[in-house]
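We just call them A, B, C and D in the order they show up, numbering each chain from 1.
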């Protein structure tokens, strides 16, 4: 089950991808919040049209860049409904996720310091608890790229995609045991297993232009994947799709979903409506 | 139960505190590791005598400062027993932990960005799960310093100290439910509850000169406490002792104990012996 | 002199750009050095073929990511000649530098904190000394993108390109006065003027695929440009060429060239040979 | 001239140091500014009384922590006079600056990454230009602590303190040549020379409780000193006083004074009055 190498690459052509969102939340009282819905700092240079966050009613916005390089806005939502909208036109190479099977796993002592944080357990990735399982399953096989691919293959087959079984507090261990989840859960389990094997892994969220929405759902959603540190850098893996895809537009990265919620509200709120698109 | 204000302050005199450790680990195979046993960067200027980490057998050591300002060493432990030793003489004001009841809680929108990370859930502090309990219990009372003190009072009374019930993977929720734990568990539960109430909180580990060791244990150990962001800065709280103490020498800070293990080994190892002292 | 808007965009097609270098330095004694010759962290994901740094004679290499996100290697050069080689195949959108004249200058109070450092004077960009000149010249005209473009137009016309007048310690003020310089000097002067006008600006170095080498020179060199913070992000400007170009491959960013020397040697050394290519 | 070792240490007793400032600036127009006048993050835990920044007229203040760990406030000064006041009571060990002659200079290849930035030339410390002088003068003698002390001795003797010859744009090279300067210039020259010798050095500004004010001046001012990286950490040196002092309260650190101006105004302003005290 290592289908990447055989795939004949699709003809590449550069894309202009229109992305956007329209979210409404209801607040019983004024509530501070952090919004991480803009395109990631590393993709700002590819924006062909500006994509400012629009907020209704209008409130002061403060942009900051968090310790992972994510573009975040701080604001205080007034009581009532808050609507957040944004869109952008992003230049993209049109090239599918690179597959580089020759990349080696770096021994821990050779990893750059900035990668070490991504070896540690985190809220939704209990690598400390999953370690015995991971070693028994993934120690024997190939190292490097092959090992991360084996982890993705395992997660892809072990977990059944089920929109109905999503939960904002579900962890990698719970996904391993329940064998059900959404893209975020696929990513968390694969991240935890990579960390068990001493491969730094970080959580990514963003747009995926050719995402498939399983019936009966018709609406788009954001997608979640991860990056593993192999060779001299970070590389994309997507255990939910488990095949190279085109048009990934990164929004945010972190240790896991706890670090990169698209909206973090410091008080109660209710989702009124939610729409995401890429084209 | 707010005994701090009444306490008559002990007469302050400056201290010279000798601290040290002597740890031996057995490795079945060469194993990379991170050692965070030195005095924290913020206390290096107080070192009256140098405190280099000594490793037996001698192996190359590489010092680095992690994203929290902790002094960490990287090394590869050879197969067999590795002994880590260090000691230092640290100047200390001899002043007990400050008690500043007038300090206010900053609204989230006024917090400096660097504090925001310490509002999020982390491996051992599931503030997302504990939030309803925290709000029902701590919303009504005083804000600011008083609220953090109320959290410490609650944790101090709710949890029974029990050396035997320690576990390296125990979380705040598990401590809340089992009502047993060690200083690290007291800290995790209080941190999680502070974060629920939108007060940034971070985990601290280090030496405490006047630590009490409960019988039948006779050996010292490192201590764990936390810092909460109130007013314009971080302030020490210690829910295990729950009274101001003298001679806290910080070693490391992080989101929780997952970030600041004193030794992190990337492979199996066994603790052979362990000694810590302060005087 | 605002030729960007009129230019009809060239037909875009995605590129695979082969880049590389081959540098030899002679050292009289063993000398520690930092090498920043790899593709920048933000472009690692575009590498279609790995680009490991090769060093002759072989010495231990340690990769790290500096505070600007640059990929740097540390090593100790032995006495004698050290040869550094590397190459890579980089996917590129083939799109010229975006021109976004509608982008506004953010007032200082709305800039994200991470941009503030790039408002301050630095080793080669004495914005403190150039401020009166800058205000008298650039205050009146358009703000935002137009102001940065006016600065680039001014620098492009004021300074004569002269390979022979390059110096590793030449500053923006010296370039302004001598009216001669290389691409690095063009960038330093424009950066200093942007900072005078409260527009954050940072120095960039890397490959430019369609760089023109003025006769009698035939060899390629690395190129220098800068990024200005406009709207919600950093955008490319190139006062040396002063027209949108294709195939910029970033190597490193910093406050100025003092932060991003391609090689920094902590002791004497002599350049023996130097070759750079892009194709 | 190595008077430190012979000095009999004064009897140490802990101090409570009251510090404060009262500054007034006149602005012709609304002007954004950054104020770095609070006690440094590393000393916030020693504050016995809160020290909030007070601004007249009242304007919104936003606290942030910059990349050096400095506590900075952002605000927009209205047209007219702006008055900034603050004070605090700081616990201090009362111990003079430690003298640790046994500390060694780390070879560059063993320095932690976070120290490397402080080896590079910066706006006011042209180590690139001063290198030949530094090597001819300081290569022969002792290494480590002794070398930094030799640099301080040289600067202390070479430069004449002269309040009248201060300039906000004076560099280390200009101080070396003019042989006149204020504490800030002493620090810049010593920092530049340390960097020439591959010793990381960073600029510090703050209160010094027993500062001497040379007649005819009667008013206090802030003080400037520096820290050099020796052994496993940063250590205080003060080439202006060149003898250990008591009661240093750090406000800010950076590469040089360009990074840590006490107030940075992004537009014209005039100093109306200025008062600083420590007791």
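Following the convention adopted for this analysis, contacts are C-beta pairs under 8 Å (C-beta built on N, C-alpha and C of every residue); 3 or more make two chains touch, one makes a residue touch a chain.
All values derive from a computational prediction rather than experimental measurement.
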Identity of the chain that, by mean CA position, is farthest from subunit C:
B
How far is the middle of subunit A from the middle of subunit B, if each middle is the mean of its Cα atoms, in Å?
31
Let me have the rounded angstrom distance from the C-alpha centre of subunit A over to the C-alpha centre of subunit D, please.
44
What are the residues of subunit D that contact at least two other chains?
64, 113
Can you tell me, using the touch rule above, whether these chains form a line, ring, star, complete graph or other shape?
ring
Chain pairs that touch, as defined at the top of this document:
A-B, A-C, B-D, C-D
Within the complex, which stretch of subunit C touches subunit A?
12-14, 38, 41-42, 44-48, 50-52, 62-65, 69, 71, 91-95, 98, 100, 102-103, 110, 112-114, 231-236
Would you pull the subunit B residues touching subunit A in the complex into a rising list?
32, 34, 64, 66-67, 74-76, 107-109, 113, 116-117, 119-123, 126, 128-129, 168-169, 198, 258-259, 264, 266
